[in-house]
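These notes open a run of structures that come right after.
The same subunit A turns up in both complexes below, where it pairs with subunit B and then with subunit C.
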Partner chain A sequence: MPNKTFFWFFLPTGLAMILFIGLPIISTGIQSFYAQHDQVVKEVKKCDPFGCTVSIVVDNEETTKLREAKPLGKFNGFGTYVDRNHLAIDEIKKFWNETESFGAFVDQVTNLPFYKALIFTLTYCLFVTPNVLLLGFIIALSLNAVARKIRGPLIFGTILPMIVTPLVGSLVLFWMIDSQGIIGANIQNLMNDPYLSLKSSKTLTWITIIIYGIWHHSPFAFVVFYAALQTVPQEPVEAAIIDGASRFQRIKHIVLPHIYPVVTFVALISLMDNFRVFEPIIGFSAEGSAQSLSWLIYDNLVNEEVILFGSAAATSMMTIVGIAILLAPVLIRTWKEFKTAR
Partner chain B sequence: MDYGLDRKSTSLKTFNTVFIIVWLLIACFPFIWTFWGSFKVRADFFSRSDWWYAISAFNTLIETGGKFTTDAYTQAWTEGEFWKASKNTIIVTVFVVSISLFLGTLGAYALSRSTERYAFWILIAALIFRAMPHITLVSGYLFPFFQLQIWGILPTTIVVLVAINQPFTLWLLYSFFKTVPKELDESALIDGCSYFQAFRHIIMPVMWPGVITAGLFSLMLAYNDFTVTALLLNQENHTMVPKIQSYLGTNQHEGNLMWAVSAVVSATAPLFMLVMFFQRQVISGLTAGAVKG
Partner chain C sequence: MRKILVTLLFLLFGTSAFADCNIKSGSINILANDFPALRTFVETSKQCKGSADFKVTHSSEHNKIAVPALTANPSEFSARIAANSSIVPLMNQDLIRPLDDLVKKYGKGIQDSQLITIDGKVMAVAFMANTQHLYYREDVLKDLGIAVPKTYEEVVAASEKIRASGKMQYPYAAAYKAGWNLAEEFVNMFIGHGGEFFKSGSAQPNINNAKGVATLNMLKKLSELSNPDYLTHDSEAIKVEWESGNVALMTLWASRSGTLLDDEGDPNITKATKLTGPATVGGGNIPAATLWWDGFTLAKNRSDADAEATFRALAHAASNKKMVADAADQAVWLVEGFVPGPKSIGVIEAVKMGAKPYPMLPQMGLMHGALGSEIVEFLQGKESAEQALKDVEAAYISKAKEQGFL
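Let's turn to the complex of A and B:
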């Protein structure tokens, strides 16, 4: 296709992506170097028969004027990045000097909002992604073994958790697990502990959200693996059966190598999706004990008084860096393949 | 695929059946339970005293005189203004799907027929864009949208959702276009068609399965979106998912949980129906990128 034709065909979608994905990333980058204005204060001198006092009050008029003149806020450089709510460099230095043991230091650091969110996000990715791959693969193998006639409805039932939006999916589970729901109430009875509830324990909340993640994402892995299983050639499998290979050996040495590229694809996609975990935290009302990077940004953007654009932007930029680190191995591999192909 | 060689033992078969039944229970029961519970009153579905009330409908009988009640639905749709949210959802979904498909087919066709190196890099860039968490993009939109005073209205959200959806649509349609043989449009070009005519009259007619799949995924994205719609729309223009969240209540005001339950069922039912109808397309779409690419 000539370059000119390509240009006109690609222009609309290219423009949409540049304007609404490329530019926002740049806009986020710029915003992250600014912080909201401090309130303008003025000194008011008050005199009464006993003497004069000077008090400091907020000058609302001036503050509004300043905000209107420079809506982006004041230039802050990397200030937002290193403040307490983000990388917290000063605090970490202080903890390093003041705490006695390394454990105490780690304890202090992981209580800082950014690190807390980072650790939750990484834990979530680390537990959900492998389990999604495993469960998806097992379901695919297992459904592949049932009679073809009844597979349709079974597949429909299997993919239900995936097609609902994460907020709805987590709400539906939350209403059952909550202390007033069917599962929560029964666990209380079973454990004989009327105060046992999801919200009471941080570990329980994390486990619930991770289980939700596996429940929500496994169907995707299942669908892809199921389709890949249909393409596994039969001859080697039959040869292996005749040679006396066990079921496990057949899967390990024939099926898995065949679908290996698909496994990396699913792993990559589910890693990307898990890294942005956010809606389940709202669905499970777990803000208290589990915060993710995306949730931090959301929290800044729905702030009651002033929207913390700078703070949200700084967290966003660091999230993008995180995504880049996750994607780097794939991109490097593609680049190498591309170079050797030339 | 069964040639009689691969004989399964009875114990393996039983294990397999049990496993599938357990998994299907885990996957489907929450939805069935929510559907059941949406016809009860709050004191039953979220019972403080006994979870069995949700089945025996103890309080529902006292409060409404019947075992089932549709109060939650009628209240949420009228008082809770869920009708407005569903109207907004329909508007957003229809526009997002049609615009995404229009832009996506053109772009993906060009990508699939280009032999230049930049086509490869555009696809890689699209993959990187696909990885961006939506909330980071939203934090980039909010400030300029406030300044331009285009925040809170439906058209802005539609355009944003279309753009966010483009990378995935491009990849999906690209892999579908790749399966259409090049000779088809080349022969049309030789006969004197322009590229656009070949695209319009030769390629599009054989591409319907791919277009339907891509349309379904655009629809699911627009229909299910929370991040973008919750932050870029004002209260008045909220679509269904942010509306459900607003029923949950916050620290400041008490929500109405039963409204949320009935709204969840109302929002999920059409989606399930659609997927049941188009199940084959959904599955082919999910696997198109993986198996072929």
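Let's turn to the complex of A and C:
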């Protein structure tokens, strides 16, 4: 497509993207550099059915004046980014100087909320993405080999996990792994440990969420791979069969190279999706054991009665940077291929 | 003919019953938590709506919606049913209006003790009181010869005895769900130990001390006697545990007693379910519990006409003797004419024992939030109590700095 045609073709989408994605990101970015004004408080008498006390309230008149003068809040620069609830630069320096072994240092760092969440998010990505690719590919190959008559219903059954709303899917599993649920109770019997609980142990909660993630995301990889498999030309495959290539060799040398761009695409999308893992944490009530970056944003915005816009904005920006870093190798590779293809 | 007569009678009855409200215009939209007493309260106020528009949203997620919904101008809701803790963010953001004029004009039946005044201005009208207190299974305790526990140390001893007897594996339950619920249990236990959350006169945290450690250790002891999934159990979940007969001792909200003692579920368990006051802890003399009120507030960003209509409807319920008589077992009503029944014993005992109200401080929400996520690792045995408290203080300080409190 000539560049000019492409430009006009892309313009409406581009405008919509600037309006609905670009501008909100810029606004979030600006927000992340500001903190709330210093609170002006005053002592007043408060009376309720249980008696009167003297305590403090926010002085609304003074606060309104401050807000009107500077509606964005107090400029904080990168203050929010480096505080303890985010990158925690000062804390990490302190830990480095104070701790004696590297293990103790890592322990201290992973105890900080941002790094705790980052580690879970990365672990989740690392385990879910390759498994999704592998499982999706195996299912696609298997389904491609079964008789056409039963393929339809099988495909429908396979993409069910993707159709089920993530929250509902995780809730169903949540009840099943309850210590009195079908899976939880059976595991207790099997291990002969009445105190074993999939929900109270951190490791087991992580494993549960990761397995759920693989279950939920595999159909997407499957659908794309299955479509790609339909485009594999039959001639080279038949030639390979005549040459005596095994099924494995045919997949390795003909099918995989052919659908390689699609694999990259699925890997990209999966990585992006997995980096934003959120619903299973809510569905499994796993806030105690597993926190992701998206969950931190949610927590700052709604879990407390005081909304922390600056914190949430800073975590959002860092999530975007995180995704960009994760995707960089794949993107660079695609770009190079694009260049050579031309 | 008969049909017409019935209709006429109905109309006559209808008008006479609702004549006292006579709201002609305005629109009423209420945001409230979701439990039986609040539903009753809102239903009662609806009887008086007259020709005003009436909408209500009952949601257990009310805390998450309230501030954004009331910040909009005009705000989505004309009234918000709030409590000690949830009125604070509304005050901080200046989202609710003083009610003095409306109380003078339309609040005839409302008692003075119901008025929440801050700096001399009426900001809310309370209608019920709530607290968390002990529930016990009379049959189980009797069988094992255990006296009704008065302190948490006795609760631990009793639970250990029940477990040793083989009757129940997890004899104790409380809402320990990570987040708000768990933090609330910490708040109760810390106050029971005589703790103060902030250094006097400032927003500096004050929990990393011997009282905080004692609080955490007690929570840990209790959690070990609970269902291993305790970190995912909220009030509703432990209510179900109780009704399945898995639990003999429980700390739960007074407002839930109605659903525990109703006719649903195993009649033997219901019959053996008894209520008592909140327990004390660590030799203290005030109970390890906080007193709560539920009351209504009116949105500031809404027209005066809507505020007036809303106030009149809600005031009708907040001074309704018939409602408190009919729904006497749903809550401890603060409304005139309420006769406390056996289900209100928890709150009444708590007040008698000198329980403290939940601290109504502007920065308390940040502390509550920090507690809810940072003490989990201690309960899981991954961290020392001192480290957990240090984490809470550090998490609180960063948030309080961002919010301008420090």
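Convention: the second predicted complex is superposed on the first by the 274 of 342 C-alpha atoms of A that agree within 3 Å, B and C clash if a C-alpha of one lies under 4 Å from a C-alpha of the other, contacts with A are read in each partner's own complex, and residues count from 1 in each chain.
Everything below uses one rule, namely that contacts are C-beta pairs under 8 Å (C-beta built on N, C-alpha and C of every residue); 3 or more make two chains touch, one makes a residue touch a chain.
From a predicted model like this one, the values you see are computed outputs, not experimental measurements.
Visitor: After superposition on the shared chain, which partner residues are touched by A:N274: those of subunit B (first), subunit C (second), both, or neither?
Guide: neither
Visitor: Which partner does A:K74 contact after superposing on A: first (subunit B), second (subunit C), both, neither?
Guide: After superposition on chain A, A:K74 lies in contact with subunit C alone.
Visitor: Is A:T121 in contact with subunit B, with subunit C, with both, or with neither (first, second, both, neither)?
Guide: neither
Visitor: Among the partners subunit B and subunit C, which is in contact with a greater number of residues of subunit A?
Guide: Looking at subunit A, the partner in contact with more of its residues is B.
Visitor: Applying the touch criterion given at the start, work out whether A:S289 contacts subunit B, subunit C, both or neither, answering first, second, both or neither.
Guide: The second partner, subunit C, only.
Visitor: Where does A:I163 make contact in the superposed view: on subunit B (first), on subunit C (second), on both, or on neither?
Guide: first
Visitor: Quick check on the superposed pair: does A:M176 touch subunit B, subunit C, both, or neither? Answer first, second, both or neither.
Guide: Touch partner of A:M176: subunit B, not subunit C.
Visitor: Touch test for A:T129: subunit B only (first), subunit C only (second), both, or neither?
Guide: Touch status of A:T129: no partner.
Visitor: A:I307 contacts which: subunit B (first), subunit C (second), both, neither?
Guide: both
Visitor: From the superposed pair, tell me which subunit A residues show up as contacts to subunit B and also as contacts to subunit C.
Guide: After superposing on chain A, subunit A residues 178, 285, 302, 307 contact both subunit B and subunit C.
Visitor: So in the complex, which bits of subunit B are touching subunit A?
Guide: 1, 3, 5-6, 8, 12, 16-17, 19-20, 23-24, 26-28, 30-31, 33-34, 37, 45-48, 50-51, 54, 102-104, 106-107, 109-111, 113-116, 119-120, 122, 124, 126-144, 146-147, 159-160, 162-164, 166-167, 170, 195, 199, 220, 223-227, 231, 241, 244-245, 248, 260-261, 264, 267-268, 271-272, 275-276, 279, 282-284, 286-287, 289-291, 293
Visitor: Quick one: which bits of subunit A touch subunit B in the complex? Just the residue numbers, please.
Guide: Residues of subunit A touching subunit B: 1, 3, 5-6, 9-10, 12-14, 16-17, 19-28, 31, 71-72, 138-139, 142-143, 145-146, 152, 154-161, 163-168, 171-173, 175-176, 178, 180-182, 185-186, 215, 219-220, 223-224, 226-228, 231, 234, 237-238, 241-242, 247, 262, 265-266, 272, 275-276, 278-279, 282, 285, 293-294, 297-298, 300-302, 307, 309, 312-313, 316-317, 319-320, 323, 326-327, 331, 334, 338.
Visitor: Looking at the complex, which residues from subunit A come into contact with subunit C?
Guide: Listed in rising order, the residues are 35-39, 41-42, 44-51, 55-58, 60, 63-64, 74, 76, 80, 83-85, 91, 111, 113, 174, 178-179, 194-197, 199-202, 284-289, 291, 299, 302-308, 310-311.
Visitor: For subunit C, which residues count as touching subunit A in their complex?
Guide: 63-64, 66-68, 84-86, 88-89, 91-92, 94, 113-120, 126, 129, 169, 177-180, 227-232, 291, 293, 334, 351, 357, 359-362, 365-366, 368-369, 372-373, 376-377, 380, 382-383, 387, 391, 394-395, 397-399, 401-405
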